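Order as written gives the chain letters A, B, C and D; numbering starts at 1 within each chain.
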Amino acid sequence: MTATVVTPPTTDPVRENALPDVYDRVESEVRSYCRNWPATMASARGSWMTDTSGRQYLDFFAGAGALNYGHNNPVLKAPLIDYLSQDSIVHSLDMATAAKTEFLETFERLILRPRSLDYKVQFPGPTGANAVESALKLARKVTGRESIINFTNAFHGMTLGALSVTGNSMKRAGAGIPLVHATPMPYDNYFGGITEDFHWFERVLDDSGGGLNHPAAVIVETVQGEGGLNVARMEWLRALAELCQRRDILLIVDDVQMGCGRTGAFFSFEEAGIVPDIVTLSKSISGYGLPMALTLFRRDLDVWAPGEHNGTFRGHNPAFVTATKALETYWKSATFAENTAAKGQHVRDRLESIAAAHEGISARGRGMAQGLKCEEKDLAAAICATAFERGVLMETSGPSDEVIKLLPPLTTSTEDLDAGLDILAEAVATTVS
Amino acid sequence: MTATVVTPPTTDPVRENALPDVYDRVESEVRSYCRNWPATMASARGSWMTDTSGRQYLDFFAGAGALNYGHNNPVLKAPLIDYLSQDSIVHSLDMATAAKTEFLETFERLILRPRSLDYKVQFPGPTGANAVESALKLARKVTGRESIINFTNAFHGMTLGALSVTGNSMKRAGAGIPLVHATPMPYDNYFGGITEDFHWFERVLDDSGGGLNHPAAVIVETVQGEGGLNVARMEWLRALAELCQRRDILLIVDDVQMGCGRTGAFFSFEEAGIVPDIVTLSKSISGYGLPMALTLFRRDLDVWAPGEHNGTFRGHNPAFVTATKALETYWKSATFAENTAAKGQHVRDRLESIAAAHEGISARGRGMAQGLKCEEKDLAAAICATAFERGVLMETSGPSDEVIKLLPPLTTSTEDLDAGLDILAEAVATTVS
Amino acid sequence: MTATVVTPPTTDPVRENALPDVYDRVESEVRSYCRNWPATMASARGSWMTDTSGRQYLDFFAGAGALNYGHNNPVLKAPLIDYLSQDSIVHSLDMATAAKTEFLETFERLILRPRSLDYKVQFPGPTGANAVESALKLARKVTGRESIINFTNAFHGMTLGALSVTGNSMKRAGAGIPLVHATPMPYDNYFGGITEDFHWFERVLDDSGGGLNHPAAVIVETVQGEGGLNVARMEWLRALAELCQRRDILLIVDDVQMGCGRTGAFFSFEEAGIVPDIVTLSKSISGYGLPMALTLFRRDLDVWAPGEHNGTFRGHNPAFVTATKALETYWKSATFAENTAAKGQHVRDRLESIAAAHEGISARGRGMAQGLKCEEKDLAAAICATAFERGVLMETSGPSDEVIKLLPPLTTSTEDLDAGLDILAEAVATTVS
Amino acid sequence: MTATVVTPPTTDPVRENALPDVYDRVESEVRSYCRNWPATMASARGSWMTDTSGRQYLDFFAGAGALNYGHNNPVLKAPLIDYLSQDSIVHSLDMATAAKTEFLETFERLILRPRSLDYKVQFPGPTGANAVESALKLARKVTGRESIINFTNAFHGMTLGALSVTGNSMKRAGAGIPLVHATPMPYDNYFGGITEDFHWFERVLDDSGGGLNHPAAVIVETVQGEGGLNVARMEWLRALAELCQRRDILLIVDDVQMGCGRTGAFFSFEEAGIVPDIVTLSKSISGYGLPMALTLFRRDLDVWAPGEHNGTFRGHNPAFVTATKALETYWKSATFAENTAAKGQHVRDRLESIAAAHEGISARGRGMAQGLKCEEKDLAAAICATAFERGVLMETSGPSDEVIKLLPPLTTSTEDLDAGLDILAEAVATTVS
């Protein structure tokens, strides 16, 4: 899974990488990543992607967190190809299948039981947004309330329910209708540590004249990836969980991006010692970049009627196969989580060095979700563009795209991490000066 | 793709088929198909599925229309396995990839151009609901209006936007909030032919005192699959398209279930000679049961800002590979569509015979979406249960589950169609008497 | 209360009537009646108003129905001036007062008991919109549902709740937010008698896939005054009441404009023999044009918590005084109602004659709410303008202002009615030719 | 306007004051003040009310601020009775009348011009809620945005639009639908002075990922009467006005309760030196307790179409007559405002003395809106009950009814103020001990 470090291209990279005409001609203007990374990708292995011209890229974005175990991980690939070759079930709605049985048993055995999580599992459809939509619907159905608390700079998806709890104003404007039923509260450290936690939230909840509709649920990310790698402190998460319990509000942790080991442990909330009422998982749950999502919730919240929430692609069995294998491979012991933590620390140390050398740049993140915040406008994007020219895929995040977000596959070797970070360091140095 | 006709099982079918305990213990109560079809499926080919005990089932449901070309179609399977074996790109967000380029070029060449459809293509996420959500968002953004007209017994999906235009009251109740911004109008033939088309809709639109917020769009299925195989007449669809044009309302055809050849032509609206402003596709677009969806719209409606609607699984490349191969295989000539029409007629003739023999049962449908409507309460479900025992998978639909809906793979042989219809005829005869 | 018939002014009427500058300079552009009737009114008695230049007008509008007993009716004026002179209570919130006690006892004795109406009485604030708002709130609170059915061309008021059940598109646009939670249904005779009553409404209610949120209530006017003098047939009202009862939907009759004797009986729904669950009254309830409103509802629906709906001007005692006196004067026997019916018939006969003489003009209305519908665009307004020049105040109504609406005080003498109708006849003849 | 100080009743006060049966039998359970003050009021003069048994009460509530010039003020009564006696216009919709002309000219001359307020005047209907509804509609129409910022413990009225920006949870629950489009922000001093002003509000506005729909307007009371006599500091109001200007948000000051001289100056915001974009007035604007309201707004915001917001009781001419006389009497010079300030200071001094003598009781308020906050649960209500028994009408306010709110007529003599405050002091002493 390693490769020689890429040599910067000698010719104009944009010209070389120009996309086939069909994108301009036929694909909607809504397309975005292909604009920043104007290359046509052909193959990939581990942390490396190769475009149609044979150029290689070190992937520090990992499908926005959907490829925690790398591209085409051979450990998962083998059973996937076996499964398909044998004409096993590919599509099954929510029928029982051998692959689904094995996934459920494995998930129960390796994930739920060892963590004493008495959750039921829903297959809400194959995307994180499906999981969020089902979580919100369930919370509203259980409580009979309609209002949801979300947080500043939250990102939960693009369907109407998920979008209503998302912060980004450009994406919200896309709804075309007023997005209601959600009230934003300040995320941890929103005021730079000056204001006490939940000062405002708890006060307004307490106040019968506060004007806040009593919420069905709070939805929170432990680390806001899209929002700019904002990291909630463990004590803040614990205080939030306690507040929810005291006030009879359900706590939904959206672990779509930060779950499946991104921060170390399987669930990103484990470190805080909290047990959410509802959890959403997607992105890396299949392990192979195949569409799949789960909604988990306390057994007593399982008030769904049969078929009350459904969808055509809830039974994507190839994803169950790779998901099962990923659990067996990486989550039988603590080793993988420990390695992730160690790699994350290494990345952080390197980022701190870069930050130390440049005023207005600071490191941030948790586990293997790390990045650099650039005070200067447009600097983060310029650094990412330079890094792309030098063969590393990195994206910006944050309300003003001010944060360089690194989400390398968790399986990336230290050598590759260092290679990418070297290029990042150069890109920073080049761009800043 | 044929098989010997199944022998009815000799032992108690329910006992034999009892599902593994893990479903009861871990999967949410929301599960549904596995309740009616208590078998654990293991493999499948063409129109046949086989459970873990080796029993075979003739699949007349085809993943609710997601398997128009059958299970594990070998023509699609070969390039899929090749693609995966070569470590080609699996997951790519909306980056350009070789597989995506080929799909876009093929879709343009074989589908859009021959039909003179000047559409842009959006990858809205991998499900039909994603496509519907993006279609509604775009219609609202383009028009600056918020209201949508839907039809009685419409089904468009489970996310909040899609659910708001869906008719089913049980599923709507799952939202937990009042579903607003949509107003239902009567679907074609809702009053048994007594009332003139669009009598009410056009009158209330015309009336500045009508109290109807002027709609951004109308969303319609040409045949309502979930709604009970309600078939809109071609002249009704044409009149609807003309009404929308006259009133400056966008017309969205939701072709998620009826597109991709289910009614004969690639798009179900072709026969009516109309050109919708926006079209949604999903289910069988990948051809292999892999999650994939498209939103198509008139070039001048492409007002999306880059990234204004996004999602993790918009670039599911294995689905692009099978989708491209399916287009090349089945849509280069008119043969496949003609065969579907012929098979559909055959199925319809057989259903008419069954209906003729039983009072209170009538045939309905279009193309290869055919079925039987049973006046007697619970009769349709009882017939489906008997058919399952005899090895055929069929589902009910309609607001009272009063319609037996047949959606066999379009590739089903006439022999298999007849085998299944024989069993259906027996099941009807047995159950009615 | 009679007066000599006015002589048409000899000088330019617009110039003569030009309003003081302060209206242009200081009053909002939202002002409307003063634009059509550019006279500054100074005094009034019975059916006659006099402007500051001494010119007299026969008032066939009666404060949009707020002056059923005429201007400054001396029977009511005497106790009002007595009351005020004695320093009796003017403003009392919802405290008990002698005047309120007397009103409640009188209303119970003369209105509720003789009609066997076991209603509780709420003072919701002094306007019809207050009454409608409280009616909708109560219906939603009682049923736990949010959706309301209104009718095409309904008018219920300008506050957000009332506006959401109002049909007029210009007024709805003034809300500035999407008006939701209400679904319009066709009012009686909306399709010119071709379509069966409640065809669509009942069918969609019955259909669990109809997509209509089950309504808390239906709100209806027995005659739509603002909507164009649309008269519901008695059998339609009865069928509506039965439908509501069968489907467990509350029936709200908005009798703000048609109550208090406008159609003959005190309540406009009496003739139909129905008993609504909730009734709103305002406009003429005080009898003297003083702000006052009532919400009446079945005793068992009185689930309000103390103070759950309040308002500063619920206790406008001078209005209670005149209201009590009006009840004592006009509603102790059937005479007043009978006279109104007779006068209404007389007006109708004269209007039929006018209509018979002019193609494209037809008579419509019920009781003393009568008018002429003019097919030709802008004709109704032109006739009203001519009538104003000749000294009669009449207004247009209907979605295209196509109906001349006559709402003379019920106390107007036959001579004055004829004088006004003569002028109307001349205005029609002059304007049409 | 003075009277002998009342003697505490010698017999059981509740028995004596029991209300007539008709209240229980016929009036809705929603009635409230008559429960706390079980007396039937008969007449009133200045600050004194007399019940049907002849008992006198010192009115320190003044119609919740609707009687700033006292009951039946003889200065206003004379022209009112003259006006009515002469058969002048009582009800005129929004026609021009002599009384309206005079009011508009007087309001312009005595209120707008001296304060350099270039406002247009709208007559939105006769209640504060009508004024608030029209203000919200206009702000949304002008900006094209739907979201409104309100404040914790705000009170703006009971119609749906006004209720959506009101804080009280009991009253909000009465809506029966989710109240949306408004987001509460902390009012001044909500956190006891610990948190910087607008810390949260401005930060979340600035943040494109904050998740707050950009607001059309902020609606604020300078002193929250219903909310518990919360007084905003002048610098907070100025900072709010500046924030609104910087962010292109309209500022609505709801001066329904605190306007018309309650805090000293005619408008309560004058002291802060700010000029709101929109102002609502009602309650004491007529001066005599007659229903009347005004919406004032910057000339360039007058985008209303004629008739876009209307209502039957916009032209309540007797109220215009008393309103004009009140302006002429009290607002020609600064004397009245200065007297109010002095009386307010006197009341405050006495309240501070009472507070100083009792732990857990503190004084609060501004101008002649003053009160005592009682930490102990139910204490405020108990004190008010005792005061009622001793002949003084006072009400509680605040989210837990923890504040005794004094709103005496501004015309109350110092002797009467002292008499009432003596009784309050005794009531406090009696109840606390």
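Details
Throughout what follows, a residue touches a chain if its C-beta (ideal position, glycine included) is under 8 Å from a C-beta of that chain, and two chains touch if they have at least 3 such contacts.
None of these values were measured; they are calculated from a predicted model.
Relative to chain D, the chain whose mean Cα position lies farthest away is B.
Counting C-beta pairs in contact, the pair that comes out ahead of the other among B-C and A-B is A-B. Centroids of chain A and chain C (each the mean of its C-alpha atoms) stand 59 Å apart.
If you average the CA atoms of chain B and of chain C, the two centres end up 51 Å from each other. Rounded to whole angstrom, the centroid-to-centroid distance between chain A and chain B, based on C-alpha atoms, equals 30 Å. Counting partners per residue, chain B has 146, 170, 177-178, 181 as the residues that reach two or more other chains.
Contact residues on chain B toward chain A in their complex (touch as defined above): 19-20, 22-23, 25-35, 37-45, 49, 52, 63-67, 71-72, 77, 80-81, 84-98, 101, 104-105, 107-108, 112, 120-123, 125-130, 133-134, 136-141, 144, 146, 157-162, 164, 170-171, 173-178, 181, 216, 256, 282-283, 288-291, 295, 297, 302-313, 316, 318. Within the complex, the chain A residues that touch chain D are 146-147, 150-154, 165-170, 172, 178-184, 186, 190-191, 195, 199-200, 203-204, 207-214, 227-228, 398-400. Of all the residues in chain A, the ones that touch chain C in their complex are 177-178.
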